[in-house]
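Presented sequentially are two complexes of chain A, the first with chain B as partner and the second with chain C.
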Partner chain A sequence: MSQWKDSGKLGLILLVSPLALWLALFIVLPHIDMVLISLRERVAARQYAFSWGNYTEFFTEPLYWRTFLRTAVMSILATGLTLLIAFPVSFYIAKMLRGRLKAALFILCLIPFWVSELVRTYGWMILLRETGLFSSLLQWMGLVDQPVEMLYNDVAIMVGLVYTSMLFMVVPLVTTLESLDDSLIEAAYDLGGNHLEVIRDVVIPHAMPGIVSGCIVVFMLTLGNYLTPTLLGGKDSLWFTEQIYTQFITRFNWEQGSAFGMLLLVLSSVIVWCGLKLSRQSFTRVMT
Partner chain B sequence: MQLQANNTDVDLECREVTKSFGHFAAVQEVSFSIPSGSFFSILGPSGCGKTTLLRMVAGFQSPDHGDILIKGKSVLNTPPNRRPVNMVFQHLALFPNMTVAENVAYGLKRRGVAKTDIKSRVEDMLSRVGLPDSGDKQISQLSGGQKQRIAIARCLVLNPDVLLLDEPLGALDLKLREQMKVELKHLQEKFGATFIYITHDQSEALVMSDQVAVMNAGRFEQVGAPQELYYEPASRFVAGFVGESNRWYGVIQERDEKGFNVQCETGLKMRIDRPGNDLQVSHPWGVGKKLEFYLRPESITVTLGDTAPATTNRYKGKVESVLFDGARSQMLVRLPDAIELLNVALPQTAEFRRVKKGDVVSVGWMSGQVRCYEV
Partner chain C sequence: MKRLLKKSTLILASALAMSSQLHAETLRLLTWGGYAPQEVVDQFEKETGIKVDVTKSNNEDMISKLRATRGAGFDLAQPSQDRITSAQADFDIYKPIDLSKIDANRFISSMLEATKKNTAFNGEVYGVPHVWGTSGLVVNRKQAKGVMDYTDLCQSALSGQVSYRLKRPTLIGFAYALGEDPFAAYSDTKKYGEILAKVEKKLIDCKSNVKAYWSGGDELLNLMRSGEVKAAMAWDAGGWKLNSENPDITFVAPKSGALGWIDTFALPRKTKAEEAAYKWINFVMQPEVAAKITEAAGNFTASKGGDKFVNPKLKAQFNESFPPADVDNIKWYPPVPPGLEEMEGKVLDRVKAAQS
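Take a look at the complex of A and B:
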């Protein structure tokens, strides 16, 4: 018996160790290092002193915290839009379709993600730029008499972000909606509910864990996205990840960059926590 | 086959309702009407179309042909949320995110009943189904039988013209099912509502119903009181499906005015008379006609030893095995000149308590107790 137990323990260690190593080496250690870097200040060449300065800089310089606020608000908006578009799609896939068609539509949602994000974003640029498809189409139809620039504005960023996030909302939603018993929907109709009431009283409460987990994933991905806002929004897209990039790469100010990185982590966690509290969901329930 | 009633006391009437899925005809020209306040069961094997029929009445599916009338008005164009019928689902479909009281109140809220009114009606309903203090409980805190009662209360609180029940006892264990059968019948009598109950369990249908329709392959085979179905099955299917029977195939060897002598494929010979059954005698069945015979285990008289019972058909046999099941105990008797085992109800008398394998018994049945059907 004890031999069994020991081999079970060994198996557990073997199975968990790659994950633990991965977490420790690539997540925990770099973050500890980042905290340490962010809490120092260069006083002279190769001489550093402890300081909160990098953090106070964020709150005293309006550009920084306004950029952060803008990023957060845009991300929340993008998450909301993604949910709004993905919910009917997921409901259709999970509840209205059966068999082959269902699998086909689900794969259709997946296919864009076989291509890298960069290529997908360039796709949008081809569509939206001044000499792009939409602009030419509008001119050909005679609706406008000169090329229209549709890139480099907030709408373009939003379109790109929603498009990129779609799958991460559809998958959890389809999974939770599939587990909803059809007879619950029928029972609600049978007792006199109309379409809206059935969705409000039965479908959404059941899908809540899926909605919240989808929203968390999409919000985190959007907030930390660098490529889409930069390419579709241009130089002045004022996305917070760009500020971090600038500090690390352009300005060589690793201390400031680390402080921004930590702030992004803490603030996004706070927003997610608030979202969980507001929707009365627990993190463990949502993520399982 | 049809129950025709043209008075106003009919709650539900179906006229030649037909529904197909692709090439599969699920329900074929089913007509029936159900008088107010009765307990009507539709009994049939799975896949016979009974659920489809019920869902058409509820409004979740629409018939290809025919009409469905509730209280004399066609409801074909009424969506399910406006039909004066409510349904208790197979797995009950109680809303898990609401409390017991909220579940019961759901239909009233959708109708826009005043809040104070809802509260008193829900409380009243909960006490009528015997769960007066469980309003604040979560659904997951209820036992199977309690859930059952809440699911019924949720519908009855709306005073539906017809309550549809889709095998709601299927998920319960045997003991609870027996108990709920009685309780459901009491509830129906107490509320005076019209119940339509579908099931594949004949005992549920026979125990609770005023009228039972036996359904097979999309059609009603017979509609009648439980006793009628049991003692006078109108077709081979009903005879085989309702209750237990010994079954043989055989050929008529001799025929006279009162009945005929037959020989079964298994070698068994017997006399069949139909004195009280004109329908059967008037059949132009002559010598050589192939028939199927049904005989209930409890119609067989059995005596221990060689004393033959005073019946038309008499045989000697050996007990092959005893299937003890309390009041429903049976024994299998092998007849020496036939290859089949005869299923005989075990008499509830002292002398049969010790009957065992290998004992010699005499069995017999009256010539009028065998029912025959054309093959």
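Take a look at the complex of A and C:
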């Protein structure tokens, strides 16, 4: 009997250890190292001293916190837009379609993700640039008489971000909406509700965990995105991850870069926590 | 069980031995695009049996990569000569060059001496020259006739049609065009700060003229090719490449002086194939091989007699862009003292964030 117990324990250890090792080696240790690096300052060549300077730099130099603020606001906006576009799509896929058509539409949402994000972003660049497809099309139709530049602005960034995040909103929404019993919707109509009331009082409350988990995923992906804002935003892109990249790679300032990285982690967690509080959802419920 | 263990240890050991053996036959080269053309790599492998593993990079990326591994992962790197001593002082990523293993006769001696001097740190030499060139202006002569100097990129006629990088060469170029001498101020932090402040203001004023800040060479070539950008600050080789496709576009040496750089060979501190690295250096400095690299990279090398084998077109392009007086006016980068790049970084950040 005791042998059984022991082997059960061993099995548990064997099962858990890859995960524990993974977490410790690739998540916990690097982050500890990053905190340590962020808390030092170069005083002379190859000499470092303890300092909070890298963190105070973020709050005292308007450039950095403004960049963060801009990134956060645009990410929230992108999340909202993605939700707005993805909700009707998901509802249509989950509730209005049956069988093969449903699968086909779902696959259509998935297909763009078979190529890498870089390729998708370059696709948008080909469409939007001054000598690109849209500009030529508009000229051909006679709507404009000279090339129009649609790339390198905030709208282009937004388009790219929403496009990139679409799938991560559609999947959780479709799953939660599918679990909603159709008879509940019918009952709501039978009891005299109109479209708006049914959506507001029956569909959305049921879909809330899906909405919130989709929003969290999209928000974090957008906030941590590097490629899309840099390539589509051009000279005014100003994304916080770009700032981190610059500190690490072109300025060799790992200390500042690590501090920015930790700040991004903490501040984005705070924003997600606020979002959960506002929507009265708990993290465990949303993620399971 | 024991036998199995023994067997597997044996297999593991032999696998390790094999991999290290394979390793010794490979030269991991950290370099720029065009500096190790396939033809030259194949020829080297044929003659020496050593495989060359080429990683394309740039100055900042090289330092970052080597810093992350404390000088491991590559056997030979090619940073610019002005970026070696400060990186060595701060991060200790290179190893001194054993000059006795270099065939000095294959180098243009003035260039070799200058590079030895500029890459000396604590009495040891860390770099020997390979490819040299300049950065200046690439101009579409039909559409942007008036662009003769860096600051001409800010002419209102070119609004939204110019491009440059947000990196240190831009700061240096603009400083010269504004009548300053930034290289002379390298050792005077206060004076250098004043110059940078002046440049920062100019670059912020100029921002509305910029279509996009380019970051990779191909990106700029595409912007110029499509005609979306009429004038840019860029490397000479890019300008000549465009010139071969479209005679209207070419490289122009700015009035205040083109900025001259020399890319070197430097040994990462934990190089695993030092002998192969020296073999490669001596191999590519042969005039015939150097000429092939010039063809691929578009820039001339420090190989003595190498320019004899270069095709006449590139020479003609060079002579057109550089009348003799402009060659004398080239401003060669002196070694960057540590600390300056941090000041420059903040200026670049503020320019990037400014609203145009």
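For the reader, a short list of remarks on this structure follows.
As a working rule, the second predicted complex is superposed on the first by the 287 of 288 C-alpha atoms of A that agree within 3 Å, B and C clash if a C-alpha of one lies under 4 Å from a C-alpha of the other, contacts with A are read in each partner's own complex, and residues count from 1 in each chain.
Just so it is clear, a residue touches a chain if its C-beta (ideal position, glycine included) is under 8 Å from a C-beta of that chain, and two chains touch if they have at least 3 such contacts.
Keep in mind that this is a model prediction, so the values were computed, not measured.
Once the two complexes are overlaid on the shared chain, A:238 sits against chain C while remaining clear of chain B. Set side by side, chain B and chain C differ in how many residues of chain A they touch, and the one touching more is C. With both structures placed on the common chain, the touch criterion links A:184 to chain B but leaves chain C unconnected. Look at A:66: by the touch rule set out above, it reaches chain C but stays clear of chain B.
Touch criterion met: A:152 reaches chain C, while chain B stays clear of it. Once chain A of one complex is fitted onto chain A of the other, the partner contacts of A:46 are limited to chain C, with no touch recorded for chain B. By the document's definition of touching, neither partner reaches A:9: not chain B, not chain C. Shared-chain residue A:200: touches no atom of chain B or chain C.
Interface residues of chain C facing chain A in the complex, by the touch rule stated above, are 60-61, 63-64, 67, 87, 89-92, 160, 167, 207, 210-213, 226-228, 338, 341-342, 345, 349-350, 352-353, 355-356. Considering their complex, residues 42, 45-46, 63, 66-67, 129-131, 149, 152, 234-236, 238, 243, 246, 248-253 of chain A touch chain C.
Taken in their complex, chain A has these residues touching chain B: 181, 183-184, 186-194, 197, 201-202, 205-206. Residues of chain B that touch chain A in their complex: 58, 60, 79-82, 85-87, 89-91, 93-98, 106-107, 110-111, 154-155, 158.
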